[in-house]
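Just below sit the structures, each encoded as structure tokens.
Heads up, the next two complexes both have chain A, just with different partners, chain B and then chain C.
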Partner chain A sequence: MILHRLVRLAVVLLVVTFLSYVLLNLLPGDPTTQILGLSATEEARAQLRQELGLDQPLLIRYAAWLGDLLTGDFGTSYITRLPVAEELAERLPVTLELLVVAQAVALGLAIPVGVAAARRAGRALDQVLTAVSFALLSTPVFVLGVLLILVFAVTWRLLPATGWTPLSVDVGWNLTSVLLPAVTLGCGQLAVYARLLRTDLIATLQEDYITLARARGLSPRRILWRHALRPSAISLVTAVGLNLGALIGGTVIIETLFGLPGVGRLIVDSIFSRDYLTVQGSVVLISVGYVLVNFAVDLVYAAVDPRIRRA
Partner chain B sequence: MKRCTILLVSMALTALVACSGPRPVAEPEATSSGSVSPTSGGRLVYGLSADAAGFNPVTDQFASQSYSMVSTMVEPLVSVGADGVWKPYLAQSLKPNQNADEWTITVRSGITFSDGTPLTGEVVKANLEAQKASPLTSSVFGPVESFELAGPSAVKVKLRQPWVAFPYYLATQIGMIVASASLADPKAASRTPIGTGAFTLKQYVPDSRMVVTRNANYWRKGLPYLDEIEFRILPDSQTRAQTLESGGVDAIATTRDEDVVKFGALKDTYTVHRARGMAVPEYMFMLNTAVAPLDDVRVRRALAYATDRKAVIATLRSGLTEEADGPWSKDSPWYAPGGDYPGYDLAKATSLVKEVEAEKGPISFELLSTPDPNTMQGVELAQDMWRKAGIDVTIKQADQADLINRAVLGNYKATVWTQFSAADPDGEYIWLHQSYAQPVGSVALNFSRIKDAQLSSALDSGRSNPQPDVRKKDYATVQQRLRELVPFVFIDHLNVGAVIATGKVRGIGETVLPDGDKALPLTGSPVPYHPFSQIWVSQR
Partner chain C sequence: MRRRLGPVFWIAAAWITLVLAAAVLADLLPLPRFDETLAGPPQAGPSGAHPFGTDGLGRDVFSRVVYGARVSLGVGIGAVLLGLLIGAPLGIVAGYRRRAADALIMAVTDIALAFPALVFALAVVAFAGASLRNVLLVLGVLGVPAWTRLIRGATLSVAQREFVLAARALGARERRILWREIVPNVTVPAASYAFIGMAIAVVAEGSLAFLGLSVQAPTPTWGGLINEGRTVMDNAPHVVLAPSIVMFLTVLSFNVVGDRLRALTDVRESGLEPVRQVTAAPLPAATHAIKAGLLQVEDLRTHFVVGRGTVKAVDGVSLTLERGRTLAVVGESGSGKSMLIRSILGLLPGGDVVRGGKVYLEGEDLTAFTPEQMRQVLGPRLATVFQDPMTALNPVRSIGTQVAEPLQVHRGMSRRQALAEAVRLLASVGIPDPERMLRRYPHQLSGGMRQRVTIAMALSCGPDVLFADEPTTALDVTIQDQVLRLVHRLRGERDMAVLLVSHDLSVVAEWADEVIVMYAGKVVERGPTAEVLERARMPYTEALLQAVPKLTDPAHHRLRVITGRPPDLAALPGGCAFHPRCPYAGDRCAVEEPPLVAGSADHLYACWHPRGAEATIIEGAETRGR
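Now for the complex of A and B:
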């Protein structure tokens, strides 16, 4: 099974990297202009193009890049002239932390909100939570981010508006610097997760074994948290894996908005500066991460619902 | 319940902040207060819009934010004074021969780089040779024949032609001098340049922050005032302004007119510094004079007549800027007044359009724009104005990289553009001279591809003639020809680029040069920059 998945990962990587390589090269604009500036001569540009291998056909360049990748060489950035792997290693912890905290915030709030809404389905609390969920879903992250900064940084001065303190420098300041971006990023997911959990919980609560548990005199709280929640979490777990893509997309905006030096910012900057190899390296990293997380999600299914394990 | 939750969340956040101790490399340290004279010590946190692509003046392309960051560590041979005239900086003197086709640069004695090595004529020569060989800057060194050592502290620059404005170029990236070790290892210099600057690099996290700390052995005694500067990279302009409001940074660089208006109104709390004179770039529509229909001067003049610059300024800049009729602003010593620019006159525009249409048929072309909302708003405004004159314009969005590439290759008809902020008019030579105009498809630095003998001859004379009054006349001719030929539909002098600081930040734009002259307060575009060695913080 693992071998099968590894083969699938390799195929996904091949397709994704080839497509992104082709698409990047279709972008109008010349990397040599970005590197050398406006006043560079035609000769200087031609020489640089040759040095970077940009005068070679696309397929040959892709094959060469792929060959290097297989030996662990992600290439060298056109702009900073640093190894792409080094740049990604510098940025990855920021994005990973942002993603983990955003998911934690989303799940940490979505589970109690979803349970509360399901327990009081159709009543006032459910309707309020539904309205809040839709409001969060329909608010773009950049608007939410600016609003949160206005309230928590400018007005109350509780959290820094922007900037990043690495975990290795100071844990407390690291948490304060990740909190607003993570909440902003997690809010949209929170609404999705809460809605999914509410719907599945309502369905589970109508199952026969729940009626039986009620008949046996178990408390509603125990029934909800011990017997209904786990089997209702399958859709939620699936969404957590699938939404990783949306979250990574969100980091591009969040990292720019809050001035975080993560992979999202690197991708945006590299696209604008036509730094092809850095974008390719980032694409590989994200593709591998996405596939691995969804593989992990499959494993979690069995833990969440024993029926799947037995099957 | 709800109030209780909010209270709990607030308490938790307060506790988190309180337990975290002081924010590392972010909080200003205590400084003496209430004094008007500069006090030493303290820390400045400065918000910039983008990171530098690298700090090596020989191998990395410098944008305005690069100058802010790098100039703390690496200094130029020359600076520009408040009067707009070049002044020696690391150089003790720059002396031309009679024809100005040979310059002797003599550096000051007693200056050392941060690695302890001395600044000598040999190091300067090696730097200039590296710059001449660099593909980034080699085109600027076109008139330079060779560099020769003329003594332990002197370098002779031999030119192929007289070049009176040569020293101005040494006030830019080209004249920034790094130690031999940085020349030997350009890759390392991209991250850690060794210069003679008032600060040395302490920490650099790409796309996040750069921290520089006081150079204890700085050659200018008593400077710098600050102990440390942290440059914070905050790409989003709105959250950058919010960070200033929240106290997260002490100063920001911005190009938003909203910020200039908003913080400018809060005079007790903030100071707003804007560039003036030659340092201000011009916002314009650049027209490709090598392709139809814009190869017809009547069409270009019709576009200028149809453009209501006042309306554009009111819409895009909150009325903050002044209409432009050429590449140099009215408060610059090089500005030549001229009523000959085709100002807004819809009747004249319509008449010219009808005249051309009678000969060549309907006029239509594509206008390039970057996709940001503010620029798009301006482009749509122009489209509407030009349509009223009978010219059909379609808008095409292109990102910065694509737009620049099209301009270089001439693969465009018209585009939004910002340019012309060199300290001396000769700085615009390669962008306007006909020898730099190449056919469409070839790389050309004269992007509008304007070819005019009179214009080019005036540029040549301005480059080579040492007489200030003759140069002034030459550049008046340049302005007159640009008004007549209209390769650019000028809109305004774009001085909304500003540095905004809290009241405690002092000394921005008040730099005194080594020989006692006042320096040009701010320079560069789109965001102006300034030296940092004489900035200080007060806790008044």
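Now for the complex of A and C:
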């Protein structure tokens, strides 16, 4: 089973890296123009191409790049002349911290909200919560970010609008700089998670074993949190996994809006500067992250639901 | 249709129409050009001439938002159509053909989902040029996997239905089946997702524009306007707020329309629609004396208020139960047996239920208890076992946790003590190797073992009364007897009373001391088991007895059934509820309801034409048998 999954994982990664490599190379634009400028002579360009290995056939270049990749060598950027791996390693912690705090915010609010809504399904509180999460779901992340900046940074001046303080420099400042972007990112997820949990909880609460738990004189609070929550969490776990994976690429907007030096910002910058190898490296990182997170989610399933352990 | 979509749907649809009309007719509207600088004073707030104010260059924000809608809606609609045109045929083929085509298409969409879509879109637009055409193409293609999955799912569910299988079996041409049967059924989910997809595309285009990678200046786009506006957020917040709010409302409207269309086909959700709370007066109980016995139920009523009227699930049931006795409740499905148990225990769904009558436990009125007081009784004094052991245990909690829990809650035991007690309990219900059992999960157990576990849980706090709702119906015949024998033994050991609900008269004959026969929520006959089974007075009881197949019946003997259908509880016939199905019914039966009267000392029945001697029963059976 595990072996089967690992093979599948390898195939998906191979296809994704190949596609991204080929697609990026097929797109119009010439890296030599970016490096040497428009006025460079054709000989200089040809020489540079040879130097960079760009005169080789696409498949050979892909194979060489993939070989290096497996040894952890993401190549050296044509533009900045820095190893791509180093650049990514520097940016990744920022993005990861943003993701983790955003998920913590989203889950920390979604679970109580989902439980409260399910417990009073169809009543006023449930309808209000459902409407609010629907509205949140329909707010583009940059619109929400702009509004939050307008309120918390511009009007009330409580939090910085942009900028980043690494965790290693100052914990307090780090938290203030991650809070607004993380809340912006987390709000959309919050809505998704709360809706999922509400729906599944309502279904679980109709089960015989819940009625029997009531027949054993257990309190509603205990039944909700200890009996009903875990069997209702499968969709939630799936969604968290998918989001964590997908968001590694989805922080582009947030990082741009809040001026965070993360992977997303790096991608935008390198796309604008035609820094192919950095874009390639980021795409690989994101795809690997997505696939690995989904792999991990399957393991979490087993922890949540013992029926899956057997498989 | 209109009513079910709801007013919110129509408001959302109106907003989309309005924005769409403004975008299409922008050139005809009396607006300043979107790129006309100094159309008004720079950074001026909203006014009559400039409803959304002006930006830093004095351009009219309203006009820019209207022209921006052209790009946003153009990309939204265009990308959805493109995704649909490519994705729908693929999805239909994958869902209808299955096998190789399906596997291939699904593998490709799997990979596509692992591909960072937004990054890809950024790269393509950046390298190929930021134009309306490129943005539209990229977002359209990126939407294909989602469309393929959706259409495949919808096709799959339709392709397996009877009418399509029938058409296939009749040799209908494939293309004909696709067009006549599948396409119409896929239309509603597709229409619903089209609007959700437009919301996604509008947001995606906005994201690209926000990064400066959509249609280039001077053409305004919503994302671009928001990006520009945030630089002057300090002095002129309206410049960023106007496009933000319009964009939010538009995305919200697309989502609302999509969601309401989906709800049209989704039956599951409708059960959660808010129900009108009916404030029915509590049903008064008939006057009665409180006896000294263990459990006394007096004139218990449970009525559900539904759209069609009032369902009288339990209608005036009285019974008494003593320690060391087993009372059986029999009747067809829907006769109110299970609801009687839930009603006694107060385990009714909230809202539109009216309960009346009294339940006394050793003289204490349980119907006057608060939920908190009731929880002290449920478990320690009144315990329950349900019909289906497959659904009675929580699938994600270990057996040990589940059996130990009531002990911890009600008896204040530590977890260690409770687990030790759980081992003892599991052993007492005949579970081999109980220590190992503690760590196992319900799915690892057979049905019989699970039912033993639920019995152990029910008995954990030493209850006075065990309510067993068809405890063996879901089990193999060989296990049934073991479980009932166990319940009987435990009843003796613990000096409990058992209320056994069953439709199996052979079970009742073997284990019950007394029997209650229920029909349409009412007690129609009651008495000592042997007396009732041998000398049934009520024709319904007689019919139930005759419906039991006997070993002495010839091999191809026609199974005797009770004629007619169980009654509609929301619209019961007048008089005796059984009269439309009763072979002995007279004129009086349709008019006047028979009271429960005593035939002999403790044998009661409700019938105007009670069956007399055994001879008539056999005679009746033979008449019906032919």
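Here, the second predicted complex is superposed on the first by the 296 of 311 C-alpha atoms of A that agree within 3 Å, B and C clash if a C-alpha of one lies under 4 Å from a C-alpha of the other, contacts with A are read in each partner's own complex, and residues count from 1 in each chain.
In this text, a contact is a pair of C-beta atoms (placed from the backbone, for glycine too) under 8 Å apart; a residue touches a chain by one contact, two chains touch by 3 or more.
All values reported here derive from a predicted model rather than from experimental measurement.
In the superposition on chain A, A:A44 makes contact with chain B only, while chain C stays out of contact range. Contacts of A:V154 after superposition on the shared chain: both chain B and chain C are touched. In the superposed pair of complexes, A:R230 makes contact with chain C only, with no contact to chain B.
In the superposition on chain A, A:V252 makes contact with chain C only, not with chain B. Contacts of A:Q56 after superposition: neither chain B nor chain C is touched.
Contacts of A:R81 after superposition on the shared chain: chain B is touched, whereas chain C is not.
Using the contact criterion defined above for the overlaid structures, shared-chain residue A:Q34 touches chain B, although it does not reach chain C.
In the superposed model, A:A215 makes contact with chain C only, not with chain B.
Look at A:A121: by the touch rule set out above, it reaches chain C but stays clear of chain B.
27-29, 146, 149-150, 154, 256-257, 272, 274 are the residues of chain A that lie in the contact sets of both chain B and chain C, per the superposition on chain A. Here chain C touches chain A in the complex through residues 110-111, 114-120, 122-124, 126-129, 199, 203, 206-207, 210-211, 223, 226-227, 229-230, 233-234, 237, 240-241, 244, 247-248, 251-252, 254-256, 259, 272-275, 342, 345, 347, 374-380, 382-384, 386, 388, 391-398, 405-406, 409-410, 441, 443-444, 454, 457-458, going by the rule given at the top. Those residues of chain A that touch chain C in the shared complex are 12, 15-16, 19-20, 23-24, 27-29, 121-123, 127, 134-135, 137-143, 146-147, 149-150, 154, 202, 207-209, 211-219, 222, 226-227, 230-231, 245-246, 248-250, 252-253, 256-257, 267-268, 271-272, 274, 279, 282-283, 286-287, 290-291, 304-307, 310.
On the chain B side of its complex with chain A, the touching residues are 10, 13-14, 16-17, 19-21, 23-24, 26, 47, 53-54, 59, 61, 135-140, 187, 190, 205-209, 232-236, 238-240, 242-243, 245-248, 398-402, 404-406, 408, 430, 442-443, 445. The part of chain A that touches chain B in the complex is made up of residues 27-30, 33-42, 44-45, 47-48, 79-81, 87, 90-91, 145-146, 149-150, 152-154, 156-166, 169-173, 175-176, 179, 256-261, 265-266, 269, 272-274.
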